[in-house]
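Following are the structures in question.
Here come two complexes built around subunit A, the first alongside subunit B, the second alongside subunit C.
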Partner chain A sequence: MKRLITTAVLALMALAVTHAIASAQDATEVMKKSHMAYYYAANDAVYEVTMHLFDKKGGERTREFTMLRLDKEDGGDQKYYTYFRQPSDVARLSFMVHKNATGNDQRWIYVPSVDLVKPISADDKNSSFVGSDFTYEDVSGRRWTEDNHKLLPESQLDGKAVFVVESTPLKPYKGFAKRISYIDQTTHIPLKSEYFDDKGEVVRVEKAVKIEDIGGFPTVTSRSMESLKKGSRTVVDFTGTKYNVGLKDDFFTERYLKTPPREYVK
Partner chain B sequence: MKAQMFLAALVVIILAGAGRAEVNIDGFLQGLYGGRLDNTNPTATEFTASESRLQLRLEQVGEKNEVFGRLDFTYDAADSARFDVELREAYLKTRLGDNFDLKIGRQVLTWGTGDLIFINDVFAKDYQSFFVGRDDQYLKAPQNALRAEYYGSVGSLALIWTPRFEPNRLPDGRTLSYFNPFVGQIVGQGYDASVPLPPAQFKNGEIAARFSRQVGGFNTALYAYHGFYKNPMGAMMTAGGPMPIFPRLNVYGASLRGQVLGGIVWLEGGYFDSRQDQCGANPLLPNASATAMLGFERQVATNLTVNGQWQAEAMMEYDRYKTGQASLGGYVRDEISHLLTTRITQLLHSELVTLSAFVFYSPSDEDLYARLYAGYKYTDEVAFAVGANIFDGQNQAANFGQFQKNDNVYIKVTFNY
Partner chain C sequence: MKKGITEFSIRRPWLVIILAVAVTAFFAAQFPKIKIDTDPLNMLDQNEPVRIFDVAAKDAFALHDFIAVGLVNDKTAFTPDILNRIYRITAEVEKIEGVIVEDILAPATVDDIKQGPGGSLIIEPLMGGEISTPAEAEYIRERIKSNPILRGKLASDDGKAIALFVPIQSKDMSNRIAGEIKTITDTHGGGEKFHIAGLPVAQDSFGAQMFKQMAVAAPATFLVIFLLLFLFFRNVKIIIAPMVVAVMAVVWAMGLLIVTGNTVHIMSSMIPIFLIPIAVLNSIYIISEFHAHYAGHRQKEAGIRHSIHELFVPMLFVSATAAVGFLALAITPIPPVRVFGIFVGFGTLAAWFLSLVINPAFMMLLSDKTLARFAQATDDRGLLSRLLHFFRTFSSRHNKGIIAASLIVVVISAVGLSMIVVNDNPVKWFKKSHPIRQADMAMNNHLAGTYMNYLVFEGENSEAMKDPAVVTYIESMQGELAREPIVGATTGLPDVVKKVRYELFGADSSKLAIPESADEIAQMLFMFEMSGGDPGDLFKFVTPEYDKANLWVQLRDGDNQAVTKVVERADDFLAAHPLPPGINVSWAGLPYVNVIWQKLMVGGMREALLIAYVIVLVMMTALFRSFRWGLISMLPLTITVGAIYAFIGFVGKPYDMPISVLSTLTLGLSVDFAIQFIQRMRTMYDRNRDFQQTYHDIFEGVGRAIMRNVLVISIGFIPMLFSDLVPYITVGAFFLAIELVSGIVTMLLLPALARTFRRGLFPAAAPEAVAAEPSQAQA
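And now, the complex of A and B:
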């Protein structure tokens, strides 16, 4: 009898372990697919972006820019180019990121009023993107390999079936201690992400406000991020998004940093 | 002034005449008010700045061409009530084929790796603006130039021709005092600070070249310059006594910049060939020198960036210089002159508040210059700033020491449109 119980317990434990491993694999697979759907749609993209920054008193600031993206390979290195139009004190300023999927990114800024090209030390991916509630990492994505993932019970969000994934950073990270993502089971677009601090409190909540099909790619055309402690909120609207337009690698060099490719940046 | 008005009108006409294409117009309105802190400053006014400025920017872009104009209208109450118009930029940028860009007209030019210190960047600076709290963009004075750049697989080659020499803009005693070597002391108004430009001849133009190439994670570059010292570093004897001049100069240099240790590192060097006095025999002309700089910048915490630079300038034929200075009774600098700088920038409150300090300190000249700044973006349109420029030095003839009476604080209000 005793042996039977021991065997049963061992079998159950083995089952639990296998299940946990399978779940971790599933969770990682979900996060990888989500990362691909969200940050690597098509091979390149042109976005017209309007960012609305709301402070806790309801005051609003706006940032308008064109963003170009080129993928070297799916899930791998990427290049980003941003050309600002508004507000007028940063108009014509351009900004470039060579995202290294497994190492440090490289960033450059061009300040036209002094004709200055300057690399920016990009150690901290967790700093704010142009003063908004989004970080640099939110803009270009946090690679799925940097966190441990665990599937929580599936759920429904806005009438859609979602995977619920809990992620904890492999290495201590000041961006978050835990993140819970709600991922659309059909499109793998993250519909909502909650970022927790080390006290277990939700500090930031990201939502996909509007999703449209563009050229066969489900695309988030409005996205929001709320910083609960600061009381601020940022809404980003993407208009005129185009995929696979044939951006050249050259566009992501100093030459085009100084004079944007006008075919795409009017 | 007349020429500038004419050019300004021309830009407006060209842009307006472009008709069909859309012209973007923006700019800002700004008030800058600053006062000196030292009562013994021999300048004519207590104000280091009291100016209202309207900047108008016009831009028209096409697929291959771009026309850009930047016009400044200023009313300066600190400087005997003067109204002024300056054409800061007016250029046409065009792409010729796949590998060639051209930029023609009045433009601001920058290259090299230093943060507010320059070796191979022998383009015009405006230190008068820099010292009274004008925006960073005013440190660079425009040049009328033709810039051609070729982008090939080995690297890119830029050539800049400035037909008429454009000198640095320096304090002239009206709102900021300076050391006048002919008088032997710090002076304010009442001394003629104008220096004759080299005659407007083809051979007196400036030529600057840069070849740059990405090597691994580093951007490397070679530079050459043919023209004149941008400051009136020399003098020549005339019947009426010594007269300041811009001596002829060639510069050859190289630089490297890239990501190291989670930050950015830069290294730059240049040789200043004093063409009219290569052997250092004439005490009225600068000796040749070799300068090297090393810098490192890193974000040490979220929104807190710190950098540091070290520059060393070695004078050639130092013994001759020393003998020469002794005969003139002037200030004798060290053979190797060191300069240390640091910048600390803290962004607060969703990047709406900027606190920044930049300090230049030379242990060789025993002088320093500190720039303190606090800015607040109240809305997307309205911004406030206060700042201070502090100089100190043991010797009134040294680089920053000569400005020791110019300590000033300022307030600035900007409306962007």
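And now, the complex of A and C:
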């Protein structure tokens, strides 16, 4: 009898442990899939982007740019190219990022008024992207391997079944102390992400406002980020998104910063 | 009315006391609802343009009041150990509730733009983590020194001082947050001393401190007054009444202030100490009169009736004039001063009424045995009598000399008054030895300053601030302001543009200039936002719409005089160099707001004082039914106010908020003795028609009461001289000066005038009734 109980207890414990491990694995798997669906759709992409920056008082600034993306491999290195049209006084200013999936990114900026290309080595991925509520990392993605993930009870969001994943950075990180992501169970698109500071308060909330199917890829065509403490909010609208257009690696070089590839950047 | 009140107190002493206690209890019950407000902005009316603009500017540029935390080390503050501790302190400070984390300025939080390997541009935190070598520490110092946005602000050029600026959600958190910061610096501190400074801390701490001081000063004053009264009257039971009257008057005034929804400001916190002397004065006259009468007649009720009868009119006028002085403050443009004036005025009248009813009621409750002992106690052969004798003989012998001396004093006073310097700085409301003053001195000696003003440039449309003409204009204004010695640093849009441009061109000094095209300016600023610069940092200097720009003007000195000099320099520059078309410029910031309310206050006080002066003159003329006597009665107060303020002018003590408020108190208190002296002298003469007799008796009668008051009030407030807060010391010193000067002037000049102009002032034939009240009732 005694032995039976011991065995049962041990079995239950083993079950609990394996379940926990499985859960962690599941959570990481969910986050990886989500990362792929969100940041690595197709091999390349062209986006027409309008960014609305709302400040605390409701004042609005807009930025319009074309963004090109080329993946080296799924989940690996990527190249981004951004060409600004609005505001008009920064028209023709362009910006390039070589994203290193496992190390530091490389960035270049072209300043048309002085006709100068300047490398920028900002290690701080947590800094604001062109003054918006999005960080550089929000734009190009935070690799799933940098955080610990844990599945929370599944839930519903906007009528969709979602995985709820709690992520905590492996290394202390200024960007957030904890993040909770709500990930669509079918498309793996993150519908909502909440970023917490070390006081346990929500600081930023990202939402997928509009999701469309483009060329078979579920694509967020409008996303918003709200900074709760600052009271500011940024809404990004993507129009005319095209996938697998056959972008050349050559476009993502200094030369094209000055003279953008006209077939994609009008 | 007077008879009714007196008779009621005589017949129903218990009822009077119970009623008074009940009313007092009602007002005391309001105390928990007290609202304290130490925000200097509330010195100004809601609709005051400078206030509206200050709020709008803070809103437009997301500016917050801040606490400056500094460390000064005689050798260098740039050692790995100190910097690492500051790094850890910063992390702790970020956790404090109410701190605006993203706006903290500290080595760990500010971004540095610099050259990286391969001609790249790096933007990274100045101090990204803890460091280990002196070379790293020295490198951080160099980076601060070479960055116009940080230089002088974050560290002194010599590296002896480091500062953190901690913005806070609202000013009324300053004292609490400063306390929490101190706890943090204490736990992380080595041998170095951390300073905590800034106007918000000074002003908020003052609010907290004044209540503590009140809790010490008020009881100490009470105790000293109680002891002095005991010395005079040698009877505890009889002197309880004045103390009760004082407490009740204070509770009534403060209770009414609270129940009517008014907030207790720095000014109104002084109501209790203003009311105590006023309340005690009345009672001392009554007790003195009663004492003299009872000693002769041994009749309690008759003694009370006699005292009230003799004193009713002078007391009414004394209280009314004091109340007028305070109520005149209601016309000033400073809301807290208006509240102060109205409620201290109410308290004055309450004190008058209470002393009329409480003193007789208490006397009724005393047994004949107690009173008999009280009557025996005299200080006839004491110091007081010798003093009175001196006044009597001196004023009689040297009457003309006294008048001549008074004239000389008036002339000298006029000179002193012209030397008065109007100046104020709330930090200096603390004693030099106070940590806040120490912090202020240490940090402003080394760094660019703890006082922040803002010069706001406003354009008519968005993008106006990208115009090279505008940016260049701001730059030249910076150059001009920097020539003022107290300007520690100016920081603005031109600095950001120049710094980005300089770094973009590979740290090329020739590029440290404003570009000629608006597009280039726009792109430099965009670069700043692109390359990881916090947009929040940029929008402290320009609005996101680029229609307004904000020049931070950091001052090492918050004295209104010094701030005014900076403002005047800017005005001169604006006059000589017209602004680009469509651009306007205005000041914001606490030091500037302080300058404006001081201006309003000084002007308003002057007006209130003049009006009160005229009203008091009219009242005196009515009381004495003689313009001549009216004028004479104004002399002691005129000379007292003149001499005290002339003294302030001569010694160069700045005419600040407390001193300007005290002018009305001086007026009210110093007319008191003159009224008592003249009224009683004339009544006496009216009865005995013998000038010599009157001259002799007046010193014994009212003279003794006046001397008692001089001693009680001037000595009673000496505990305040030991306060940590300068305004309290000032108040204590004023009571001393008012009582001594007006007492001596009353006791010397009035009899000297009476003797010299005796024929005109005391006609031999029976004149018309002397007092407002008929005086047939001989006791």
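In this text, the second predicted complex is superposed on the first by the 256 of 266 C-alpha atoms of A that agree within 3 Å, B and C clash if a C-alpha of one lies under 4 Å from a C-alpha of the other, contacts with A are read in each partner's own complex, and residues count from 1 in each chain.
In the analysis below, a contact is a pair of C-beta atoms (placed from the backbone, for glycine too) under 8 Å apart; a residue touches a chain by one contact, two chains touch by 3 or more.
The structure displayed is predicted, hence computed values, not measured ones.
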{"item": "Subunit B versus subunit C as contact partner of A:T145, first or second or both or neither", "value": "neither"}
{"item": "Partner chain(s) touched by A:K199 [first = subunit B, second = subunit C, both, neither]", "value": "second"}
{"item": "First (subunit B), second (subunit C), both or neither touched by A:L53", "value": "both"}
{"item": "Subunit B versus subunit C as contact partner of A:I120, first or second or both or neither", "value": "both"}
{"item": "Contacts of A:R61 with subunit B and subunit C, given as first, second, both or neither", "value": "both"}
{"item": "Touched partner set for A:S155, first subunit B, second subunit C, both or neither", "value": "neither"}
{"item": "Partner chain in contact with A:I109 - subunit B first, subunit C second, else both or neither", "value": "second"}
{"item": "Subunit B versus subunit C as contact partner of A:T239, first or second or both or neither", "value": "neither"}
{"item": "First (subunit B), second (subunit C), both or neither touched by A:S128", "value": "both"}
{"item": "Shared contact residues on subunit A - subunit B and subunit C", "value": "53, 55, 59, 61, 87, 89, 113-114, 116, 119-124, 127-128, 130-131, 230"}
{"item": "Subunit A residues within the subunit C interface of the complex", "value": "53, 55-57, 59, 61, 87, 89-90, 93, 95, 109, 111-114, 116, 118-124, 127-128, 130-131, 136, 198-199, 229-230"}
{"item": "Residue numbers on subunit C that touch subunit A, as the complex places them", "value": "59, 62, 95, 101-102, 116-125, 463, 466, 504-505, 515, 517-520, 522-523, 526-527, 529-536, 538, 544-545"}
{"item": "Of all residues in subunit A, those that touch subunit B in their complex", "value": "53, 55, 59, 61-62, 86-89, 91-92, 104, 106, 113-116, 119-124, 126-128, 130-132, 174, 230, 232, 253-255, 259, 262-263, 266"}
{"item": "Complex interface listing, subunit B residues touching subunit A", "value": "26-28, 57, 59, 61-64, 66, 70, 93, 95, 101, 107-110, 135-137, 139-140, 149, 151, 156, 212, 217, 219, 257-259, 262-264, 297-299, 301-303, 305, 350-352, 377, 379-381, 383, 414, 416-417"}
